[in-house]
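The next part holds the structures, each set out as structure tokens.
The two complexes that follow have chain A in common; it is paired with chain B in the first and with chain C in the second.
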Partner chain A sequence: MKIDQLADLIQAKILTDNKSLDNEISGAYICDLLSWVMSHANKGDVWITVHTHLNIVAVALLVEVACILVPEGIQVEEATIKKANEEGIAILSSNKTAYQIAVEISKFIPLVK
Partner chain B sequence: MKDLSLHLMDIVQNSISAKADKVCVFLTADNEADLLTMIITDNGEGIEEHLLKDITSPFTTTRKTRKVGMGISLLMASSNMAGGDLKIYSKRFEGTTLEASFKISHIDRLPLGDIAETMVTLIMSSPDIEFELSVSNKKDCFKFTTMEVKEQLKEVPITQFEVLSWIRDYINSEIKIILGGVLNEILG
Partner chain C sequence: MGLSNSIIRQNYIIPADDFSLAGEASSSVKKMLNQLGVPPKTVKRVSIAMYEAEINAVIHAGGGTADVAIDKEKVLITINDEGPGIPDVELAMKEGFSTAPDSVREMGFGAGMGLPNIKRYADKLDIKTEVGKGTRVQITVLL
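Up next, the complex of A and B:
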């Protein structure tokens, strides 16, 4: 599944520009402990986190996740979006909780890679 | 990072990479001020000025293999999350001091973790570096230094199993005494 398809599916807003929407999503990962994400998330995951600090862009870049998805309508700082645009990392925003998102995307994103 | 001992391990690796041969760690819990402070100071080669001003950014790194470095940014995030702050002072070819603070009572403050295990791991992997650990609750304090231990040991290497076991137990029991009633968590 592509990032824009995911956004359509869960009615998420794409906060970044449209450069990296072609990335293929091959899994999903939910965690807010950044060091844990660094060692456990997989390349190609959509990463769901409540963090909005610049650090999430660095972690996303490091793990090569497909995109970042911020749940519960949490406001994302302008500096984070700017850096994400520079680095080609898409950030999506949804009003749903991480659990609601996971349930909805589970039919479309395989649980095991 | 799940606890402060993992942050400590990570930050001291920076000191080791900066060719420090002495690293001092101060842990101070001040109940009245509701503040836990972790200070790490080394005599390494220091941080270049142009890097220092953006040092807490995850996109500041001296790594050649990748463009992000997370150690200091993660510790800063952990501090800020718990109502604390992080400061770094560094002078080229003299050394670096990092100071991270946390509100003791804050629900998001990381637990202390296994400080003794971190110290033992550091000693084991860099036996030639002198490490100091000072733990204080403003009334009482305790200080451990590898230099003193080495003096007592004479020819026996500090990396010997029995010595490391003793260091681990000693640090653990002292941390329990000094911080036991101060931090609202179960220690060791």
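Up next, the complex of A and C:
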């Protein structure tokens, strides 16, 4: 699944510019402990987190997640979006909860890891 | 790989308390290794291990310095700080052990997973620390 397909699926807004939408999504990972994410998230995951500060961009790039998804309509800082654009990683915003998002994604990406 | 017999050296300052800049050194090393043609899996191990050590210097030690030396065989990263030191390294290495203050826990740091992550991603981890003087974290990743 591509990032714009995901955005359509869960009615998410893509906050970053459209240069970073090429990544293929192969799974999802939900966690707000950054070191835990760096230990357990997989390349290609959609990373769902409530954090919105600059460091999420660094973590996302290190783990090579497909994109960052901020749930529940939480406002993302302008500086974070700017950094994400510079580094070429997409940030999406959705009004749904992490659980609702995961349920939607699971209809398209089977849980086979 | 584009590495000859020479050694590439880089030095970075890790600024104190600046979370917006935290990760600049590891991100720069990541780009350098990619340019040198180091395999992506190895680049990922180096950059995650270095990022964790860099963030630790920011959070726990008021910043420090990072020295990186790359030769044909390995990447050697040395993070030095003049922070409070680690009283019990064995305890600090345990998953889940953290003394991070609430202010940084709110940002998602403080899982107590940083040092265990470094150990996992590095081929060698060496910590020298003295209470009241500072800490030197040395990370080796073989190429």
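Quick note on the criterion: the second predicted complex is superposed on the first by the 112 of 113 C-alpha atoms of A that agree within 3 Å, B and C clash if a C-alpha of one lies under 4 Å from a C-alpha of the other, contacts with A are read in each partner's own complex, and residues count from 1 in each chain.
What we mean here is this: a contact is a pair of C-beta atoms (placed from the backbone, for glycine too) under 8 Å apart; a residue touches a chain by one contact, two chains touch by 3 or more.
Model, not experiment: these values are computed from the prediction.
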Chain A as common anchor, with chain B and chain C clashing or fitting: clash
Comparison of chain B and chain C by chain A residues contacted: C
Partner chain(s) touched by A:Q75 [first = chain B, second = chain C, both, neither]: neither
Chain B versus chain C as contact partner of A:T49, first or second or both or neither: second
Touched partner set for A:S35, first chain B, second chain C, both or neither: both
First, second, both or neither for A:L61, with chain B first and chain C second: both
Those residues of chain A which chain B touches in one complex and chain C touches in the other: 33-36, 38, 51, 53-55, 58, 61-62
Chain A-facing residues of chain C, complex: 19-20, 22-23, 26-27, 30, 44, 47-48, 51-52, 55, 107-114, 116-117, 120
Residues of chain A touching chain B in the complex: 33-36, 38, 51, 53-55, 57-59, 61-62, 83
Contact footprint of chain C on chain A as seen in their complex: 32-36, 38-39, 49, 51, 53-56, 58, 61-64, 79
Contact footprint of chain A on chain B as seen in their complex: 1-2, 6, 57-59, 66-68, 70, 73-74, 77
